[in-house]
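The following pair of complexes shares a single chain, chain A, combined with chain B in the former and chain C in the latter.
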Partner chain A sequence: MFSELNSRARGLLVALAMLLLVLPFIASNYVLSVAVLILYFAYTGQAWNVMMGFCGQLSLGHALYVGLGGYTAAALFVHFGIGPWAGVLASVIVCMTAGALVGFLAFRFSIGGVYFALLTIAFAEFTRIGFDHWQWLGASGGFFLPVSQREVSDLVNLRGSPTMFYYIILALASAALLFSTWLLRTRVGYYWLAIRENPEAAEALGINLFRYKMLAVLISAGMTSIAGVFFAFYYNNLFPEQVFNMGRSIEIILGPIIGGVGTLFGPIVGAALLTLLADGITELLGAFGIELSGIKQVFYGVCLLLVTMFLPNGVWPALSKRLGVISNRNDEE
Partner chain B sequence: MGRPLLEVRGISKRFRGLRAVTDVSLSVEAGHIVALIGPNGAGKTTTFNMIAGVYRPDEGEILLDGQPLQGRRPDEICMAGVGRTFQLVKPFAGLSVLDNVVIGALRRHADVATARKKSLAILERLGIGEKSEQQASSLTLPDRKRLEVARALATEPRILLLDEVMAGLRPTETDRMVAIFKDINRETGLTILLIEHVMRAVMALSREIHVLHHGELIASGAPDEVVRHPAVLDCYLGEEAV
Partner chain C sequence: MTAELVANVLISGVLTGLVYGLMALGLSVIFGVVRVVNFAHGEMMTIAMFAAVMLFQVWGLDPFLAVVPVAAVFFVLGYFLQSSIINPFITRPEHSQFMLLVAVAIIMVNGLLMIFGPNARNVQVDYQLESYEWGPLLFDAARLYAAMAALVCSAAMFAFFRLTLTGKAIRACADNHLGARIVGLNVKHLYALTFGIGSACVAAAGCMMVLLVDVTPLLGPAYTLLAFVIVIVGGLGSMPGALLGGVLIGVSEALAGLVITPSAKSMFSFGLLILVLLFRPQGLMGRRS
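So, the complex of A and B:
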């Protein structure tokens, strides 16, 4: 990717990277928490994009993997004292297994399109109901990680300051971008695009649809589970009603949709736009003493409407042209 | 000659009562170019789709080099060495022309750089090399047909199934395409089974012609014999001039 970016683009990217690296030293805690949120959605958007943007498989239930990932690592930590780094491995395995189940059902029995999306919702919902009744994990009352004030950041147990969490999610979001970029340049990436564009033609060219769609789901689920672990250790609490909520799944996909499905920078741009604007609006109204519940949702709806009407390919393709950035093949669409 | 490369034995296909293909048998020797002709709706594409694994034949067998193909998936059949184009073209519309072909080439060359090199050469050969960076959706129909051929060639098939790739070409373009297939056939020994309405191309290319009508094979043989066959003249009467 970087070789195909022009010097201007590379300059912008380096400037952005520098800014992000020094942000904790120049920004307030509030700004930092907003940045964490943006990077979190940039990461989950990137993960979702692997499945939908690259391979064309629409998941509306990605909260499933956030929730399962979060609960797995949290449970290991709370009940067995197993730290989050080992826990993340377990989370990835659990979520890939769940993804394999969804994928197997869908792809073996040719459940496609809308029905596939419904299946992903169903899995997330059933899991939510299950966790609502699972006493060992706090059921609907929520599951909590012990919070203790510490002087120094404890990276091993992921207990520490907002700055530590900021750097972790920054590293995750950057890694996800690089990973996606790399994926698209491999044979697998090309095959995903082929499946997205025309499955029948892809199959005629020797591509095993089941195998490569499955791979997309597994990778996407595995990536998303790591976000779940982050979520659990950052917020220190998990409620089935919240983490598995369909609204959460929608939040994950709004970034890439608004930024540009299938593009590498779309999920990042979308996450930044949505989070900043939604926060801005809430703040602005708050300043006037207005507090409207659900204003964020309405705002999301309006954004979605505007983008689908005026920028059907998302903000990034248009923005990259405006910025004079030569983007790579997949960002051109 | 020994065993034919492709052997189709008595295949049939019905679509909810409609007999699209009935008891069709034909074989293609390695290195030959063979044509399958017949009026619209005769069952030509359905025959291709059975060979390529899109449909499983209700009856009959399909053998590639003696190995049964029926019941296997399209991707497996491609891997076994059958390349095919679609009559209704199916480009990867959002990707560049080159990437379309690269995806085919990756089947044999896992390395993307190698696949790109091979693909560029194929595009050059088909005369759309200078369009390689264009998005496939921007191509004209004749170029999309060429892209279909390029993609199928990129999988390095042993036998290539061409479904009306000359349709919509001007006579000079048809001649160029015919020359390309002749060259490839001579240089690499690629076996070709083609469905074609353009008789100019059929006569120039094929060593053998099979004629389908209402799903049944009504004539098979050398080109000059087949076109004089009374049953063929009958079924083509009013369809188009042979």
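So, the complex of A and C:
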């Protein structure tokens, strides 16, 4: 599957995989929690990238799927005692339905570009306010999962130690990478790239735009919903103001854009950079004893601004050249 | 619920909506010409609101008088923001422009947070407590003045774009970028002017808005979303559309507060937005492209 990567790239990848596998044994709890965050954003970024990076449909409302996914699984668990493994199926179905609704309405009326992006925001915000007033799910007061003993890992109910959650999110992020790699090699993947590059030409060649755009939204929504389930069971609480917030959607998007839209490793590199940047700034300011609310985010914003201005294609395309890693050709764009 | 109550809520909605409309007018003008969606629009609005509050607290300057200096400063800042940072992004893809302005927005919100802290601030002037009665109808004085000022500013904008040579040149850029360059217009300068004008618009709206609501740094993203909703409903790039959208959203928020609960008011707005996008995606007054 990675046959087009050169030996140096494969070596680096294997080294990284080894490091990630043994990380819980060598790292502190704090490092592990940062790693979970990085992998979480690598996963959601990969999911978003299917829609934007591959198919060219800009979604600014992916928090919708995180929230719906999380709430579905959490509600089934708390109210009906249905475990997360069955819950995740329900979440995927719910989110794919929501994605189908957004996609159907938008693509049916050929809404594209900025308008599509704003429509996705509108749906996320609409849902946020709806959940804010839904008493059965705790409304704005939040929805909580029972917190159990942290020492015993219960994989069936996803109640357990940070290490367990680390391996789950590692598995998810790796699976998402493999899945995306595979998707790009399929016929559908090539259709998507054609639609992204030139929709009119793609349509003229007989590609059914509606069908393949819908497929991208469905896959992206389904993948994102799994992240929502992870979020709910990892943090044990859900607040509409947090999970559906536009800020959350932006967080999901930042990784792949900073890393490189449409590339396979971009979302991972972006997630790692941004999470480490945010934590690094916190540490640095802490070391200097500066405690001013907002200063951390100002630094973060300035870094984003610089990357966007000077690396228009993201960090990964530039980085992969520097590392001497020749990735596959789709990956370069 | 009496008819009088409904009528008074409607009036308050229309008056607030006109100020919303002026805010959205800035966004609409910028998008209509520069074709960049200003994701930092609400953040600029809150900066203007803080500026008005500060001018009031330090020099006792009435927010309506503060419009002049604040709008002038915003015009200059907008001009430089466009000419230094945004102009190179004109030809880049939408997600890249989005990132840029999100970064600008993050810096703005948190810069305000650093300087002013998270607490709400407001201005207190005598006429905020006054109101005019007309039969059973009540008009809040502050709201009425703000709405009239918003109309005056909007009218000035219309006149500028219809009557002056510069305004016509900017509209030429919006209609046909290449054609505008061929006839020798300095497009980058005109783009920067447009962004400056849009910024001045939102600054004026911000000065008026401090009379109606308390301001906190975190209001920014909410206003950005509100401005989007308004311009999409009215028609992105259409100036009368922005005012119409503002009034519609103002009224729907006010009615939602009366009929359901105030915290659900923006659900109405987003519902309206979704409906408009589905049935008239170019907006109520927009042209089909």
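The criterion applied here is as follows: the second predicted complex is superposed on the first by the 323 of 333 C-alpha atoms of A that agree within 3 Å, B and C clash if a C-alpha of one lies under 4 Å from a C-alpha of the other, contacts with A are read in each partner's own complex, and residues count from 1 in each chain.
One rule holds in what follows: a residue touches a chain if its C-beta (ideal position, glycine included) is under 8 Å from a C-beta of that chain, and two chains touch if they have at least 3 such contacts.
Treat the numbers as computed from the prediction; the structure is a model and nothing was measured.
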| item | value |
| --- | --- |
| Overlay on chain A: chain C relative to chain B, clash or fit | fit |
| Where the C-alpha centre of chain A sits as vertex, the angle toward chain B and chain C in the overlay (nearest 10 degrees) | 80 |
| Touching partner for A:235 - first (chain B), second (chain C), both, neither | neither |
| Touching partner for A:144 - first (chain B), second (chain C), both, neither | neither |
| Which of chain B and chain C A:134 touches, first, second, both or neither | neither |
| Chain B versus chain C as contact partner of A:209, first or second or both or neither | first |
| If touched residues of chain A are counted for chain B and for chain C, the larger one | C |
| Partner chain(s) touched by A:193 [first = chain B, second = chain C, both, neither] | first |
| Minimum C-alpha separation between chain B and chain C after superposing on chain A, in Å | 13 |
| Touch list for chain A against partner chain B, complex | 185-187, 190-191, 193-194, 196-198, 200-209, 329, 332-333 |
| Residue ranges of chain C in contact with chain A within the complex | 37, 85, 88, 92, 94-96, 98-100, 102-107, 109-114, 117-118, 217, 221, 225, 228-229, 232, 236, 261, 263-264, 266-267, 270-271, 273-274, 277-278, 281 |
| Interface residues, chain A side, partner chain C - complex | 52, 58, 60, 105-106, 109, 111, 113-115, 117-119, 121-123, 125-126, 129-130, 132-133, 140, 246-247, 250, 253-254, 257-258, 261, 292-298, 300-302, 304-305, 308-309, 312 |
| Interfacial residue positions of chain B with respect to chain A in the complex | 52, 54, 73-75, 78-79, 84, 86, 90-96, 99, 102-104, 106-107, 110, 112, 135, 151-152, 154-155 |
